[in-house]
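Chains: A, B, C and D, in written order; residue numbering restarts at 1 for each.
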Amino acid sequence: MISQTIEEIAKTLDALPDWEERYGAIIAMGKGLAQYPEEHRTEQFKVKGCQSQVWLHPTLRNGTIYFDADSDALIVKGLVALLMKVYNERTPAEILNSKDDLAQQLSLEQHLSPNRANGLASMMKQIRLYALAYSLVKA
Amino acid sequence: MIQELRSQFPILQRYVHGGKPLVYLDNAATTQKPQSVIDAISNFYTTSNANAHRGGHALGAEATALYEGARSTVAEFLHAQHDSIVFTRGATESLNLLAVSIERTYGARLAGKSIVVSEMEHHANIVPWQLLCERTGADLRVIRVTDDGSLDMEHALEHIDESCAVVSIVHMSNVLGTINDVQTVCARAKELGAIAIVDGSQYVVHHDVNVAEIGCDAYVFSGHKLYAPFGIGVLCGRYEFLAELEPYQTGGAMIDRVSFEKTTYGEPPVRFEAGTPNIEGAIGLGAAIKWLSGLDRDAIRTKEHSLAKNLVEGLESDSRVRILGKRHALNGIVSLVVDGIHAHDLGVLMDEQGVAVRTGHHCAMPLMQRFGVGSTLRASLAAYSSREDVDAFLHAFSKSCRMLG
Amino acid sequence: MIQELRSQFPILQRYVHGGKPLVYLDNAATTQKPQSVIDAISNFYTTSNANAHRGGHALGAEATALYEGARSTVAEFLHAQHDSIVFTRGATESLNLLAVSIERTYGARLAGKSIVVSEMEHHANIVPWQLLCERTGADLRVIRVTDDGSLDMEHALEHIDESCAVVSIVHMSNVLGTINDVQTVCARAKELGAIAIVDGSQYVVHHDVNVAEIGCDAYVFSGHKLYAPFGIGVLCGRYEFLAELEPYQTGGAMIDRVSFEKTTYGEPPVRFEAGTPNIEGAIGLGAAIKWLSGLDRDAIRTKEHSLAKNLVEGLESDSRVRILGKRHALNGIVSLVVDGIHAHDLGVLMDEQGVAVRTGHHCAMPLMQRFGVGSTLRASLAAYSSREDVDAFLHAFSKSCRMLG
Amino acid sequence: MISQTIEEIAKTLDALPDWEERYGAIIAMGKGLAQYPEEHRTEQFKVKGCQSQVWLHPTLRNGTIYFDADSDALIVKGLVALLMKVYNERTPAEILNSKDDLAQQLSLEQHLSPNRANGLASMMKQIRLYALAYSLVKA
């Protein structure tokens, strides 16, 4: 469940003693992200409103959304990976029914600096938009 | 001396991110404001607030005197005459005003002519001219920047030819710190009868300006980068140049008379100041310039140079660092990329350590493209920058690089 | 209550002309600023000053949050959505922006169309449209004002016909105090597919606004008349309307990407905010609106009405006095002429007695012409106006009339 | 002599006890101004930069300048009359050689309010311009 995953991530982040460890963990998450398919590294799949480049590509298979995602900046890529943990391989309904205040649930503003939240908001908006679109697809 | 100076800037005592002392090195984006500027604003609203130029009453006269006094202060600062100073919102508006008023004045005669800018311009000195070109059929010509971050003067003098209607060049690059020989560029432009414009947004922060010596028709800058409030800027025009220009915005104050049949306009500078101006901003700018003129600007420039030198030398100890236009960085604006590390990541981690720098394209995408980079990390100095700032920067920088592998 | 309110305005404690207590009745020109607005400015510069939207650093994030927070405050105030609010320098710039962006968007399609304004408009809502008409071949049509100072609604509904491209009407006259039925005017305009614009510069000072109920495409006003700093104003546009409009000024922040080949723009509202905005001004405007919303606006309006009634009744005791649009003066703006006495003379002598009023054409020359006067004396009220102000006005007025024969 | 006239006016104004008397005197001066010739009440002879309408018409006769002047506002008309006392029936040279800080010499800023000085400055500028023009006329 989405809320459960968020709680787990929140716990992990909370347990880290300082900003260095927290950013270290985020960066490490990013490094664990699956390779982004080069054929989708196009303008069309870019997320607007991020300070660095972010790509997000959705696929619907058997009612589940599979995302590919990437960024050219390490920290942003880490945040992308975090989002993937939460939203990848969910149904459109699961995503749409989840709360949209992820940054708050993770206390990201305390953990990282507030301005990181902006890019995150753009990505979440995009994820929810895809979920909305797929939720309208007739089965 | 530096401590006395810094103590005039209350914000420099701040801590960010829970306890890290603020190290503010984003001065090319905007400078902090000395207490005397903050006080000038409060005092104005507490004692003399009224609309200028319209009032026949005591407060109106005081506000007008303060507003026009600020205009005189700016005029002296640039060695220009009082009526040459038009107050705008900032450099961006000054350049937009020029582009639109030039279009309205010279109209169809611009077709087939060329407008010359350089590869190192801020977007504010590119896009207004692009649109003018689109609308009039003029041609946008771009002076090249050399590999070492200088304006290619040979290319410049070649490019400014008989077809040229306007040359608009930055005095000091907001990315590289390059100071251009605008005097030679303007002389060439004037020789050929072209309009010569200089964007002094960064230059005025560090240097004194004499517009007559530069020989330009117009010189522009923003107040907020010069220790003054937001929302105020300057267009300093040669009076005879301004007197020929059609107005930009229209409305109150700038008119002579209005009827539904015909409207006539006032003389410069009011012709270009439609509506209620930012009286407070002008007064704040006047206070900032007065504050500046109480400083030993030579000494401050020397200090800024030596701090920039420390910065550059400190950075060079990491072989992955590449400073764009390194020769020019000593002017107080240092832009860099690190091999294998995204500038954005660096900026985030440095911010966590209290160090405020700018990362991104700095509103100069064509220059980024010229150097084949997407974004840079930029540290920029001001009068209150200290050795401690530079040390903190270098410390945070190497720690961030380590964290990013 | 009024004493508590007045004590928030330090300037109201002032004396002018050697010992005369200030009686400020020039509020339609600009209002005084409460301490909370002055403090909001100082606090910003003392703690959070940075350029908005550009910084990845802590201060930049704070400044951005404050700036966007102010946008939300304005949006709530007008019952509009956040992205409908464009910050400008003032009403004049908002109207210039609209005229130019409409011209750029609809261009040649405006030839032969008509633009409708009224005889009671401020110059800021006349001249930009005159110039648009000159450039596009559109026709400027003027709705008449009746002898009693009302908008001639019959004439209005007749004038707004199929040929109409834009209707731009003042919500409350800055000379007569007339409040226009803009809802009906906008409905008519929208019915015919025209763009409907309302100049709310004076109305917002006294009344709450719901732009959806008015049904306009754009609503504009100035901050400095609403207890806020100079240099900030609002253009509130229906989002879909804004989304179709070409940009106005160009430069930093409002662009998506820039190259010498092609430049693309961002979405509203940033598309219309080129360059560094007046961050301080926006924050000050937000503080002013927050201050206003802590007041009982109904009670204040009632008080303003009753003060205006006192003013009008007091003035009528002199049979030489003629109040323009007397029925509307109760809204808080009283314009008058005195048979055989020049308004300017009156203004001078009243000023000597500490009473600040405005004399002149009030940037509404066509309206002056309509009423066959060259200038009027105008007294205008604000939230802090008191019975003592009115008494002092009437006292100074009759003394001045006596002195002038 | 111009400076002498100014001194006399200054003395008269100084002797008046309060602003009411001072304005009364100014207004009275205005009422004593010679009738302005209607044929010269034209746009051409208007002085720009005054809040009310001011007309100024010069004639050169035997090396002396004779001004006609008027305003539609009483106080301004009084100031016009004051200027006429000082500058009417002078030679161009006398006018050009006189100091141009009349408002200060009369302490007008204390006597009247500072903003009155603006219109005055416009009128003085105009008077000096005419004097300059006539000084260039060959005898």
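Just so we're on the same page, contacts are C-beta pairs under 8 Å (C-beta built on N, C-alpha and C of every residue); 3 or more make two chains touch, one makes a residue touch a chain.
As the structure is a prediction and not an experimental result, all values here were calculated from the model.
Undergrad: Which chains touch each other through the most C-beta pairs?
TA: B-C
Undergrad: Taking each chain's centre as the mean of its CA atoms, which one is farthest from the centre of chain A?
TA: Centroid comparison gives D as the farthest chain from chain A.
Undergrad: I'd like to verify one number: the distance from the centre of chain A to the centre of chain B, where each centre is the average of its C-alpha atoms, in whole angstrom.
TA: 38
Undergrad: Let me have the rounded angstrom distance from the C-alpha centre of chain A over to the C-alpha centre of chain C, please.
TA: 45
Undergrad: Averaging only over C-alpha atoms, locate the centres of chain A and chain D and give their separation in whole Å.
TA: For chain A versus chain D, the centre distance works out to 78 Å.
Undergrad: Determine the centre-to-centre distance between chain B and chain C, using the mean Cα coordinates as centres, and give it in whole Å.
TA: 30
Undergrad: Counting only residues that touch at least 2 other chains, which ones in chain D make the list?
TA: Residues 51, 113, 115.
Undergrad: Spell out, as numbers or ranges, the residues of chain C touching 2 or more other chains.
TA: Touching at least two other chains: 17, 55-58, 60, 344, 348, 351, 359-360.
Undergrad: Over in the complex, which chain B residues touch chain C? Could you list them?
TA: 10-11, 14, 16-17, 22, 24, 26, 29-30, 32-33, 37-38, 41-42, 45-51, 54-60, 89-93, 95-96, 122-124, 126-128, 130-131, 140, 142, 222, 224, 229-232, 249-253, 255, 257-260, 263, 274-281, 344, 347-348, 351, 354-360, 363, 365-366, 369
Undergrad: Quick check on the complex: what are the chain C residues that touch chain D?
TA: Touching chain D: residues 17, 341-342, 344-345, 348-349, 351-352, 359-360, 374-375, 403-405 of chain C.
Undergrad: In the complex of these two chains, what residues of chain D are touching chain C?
TA: 19-20, 23-24, 27, 51-53, 72-76, 112-113, 115-116
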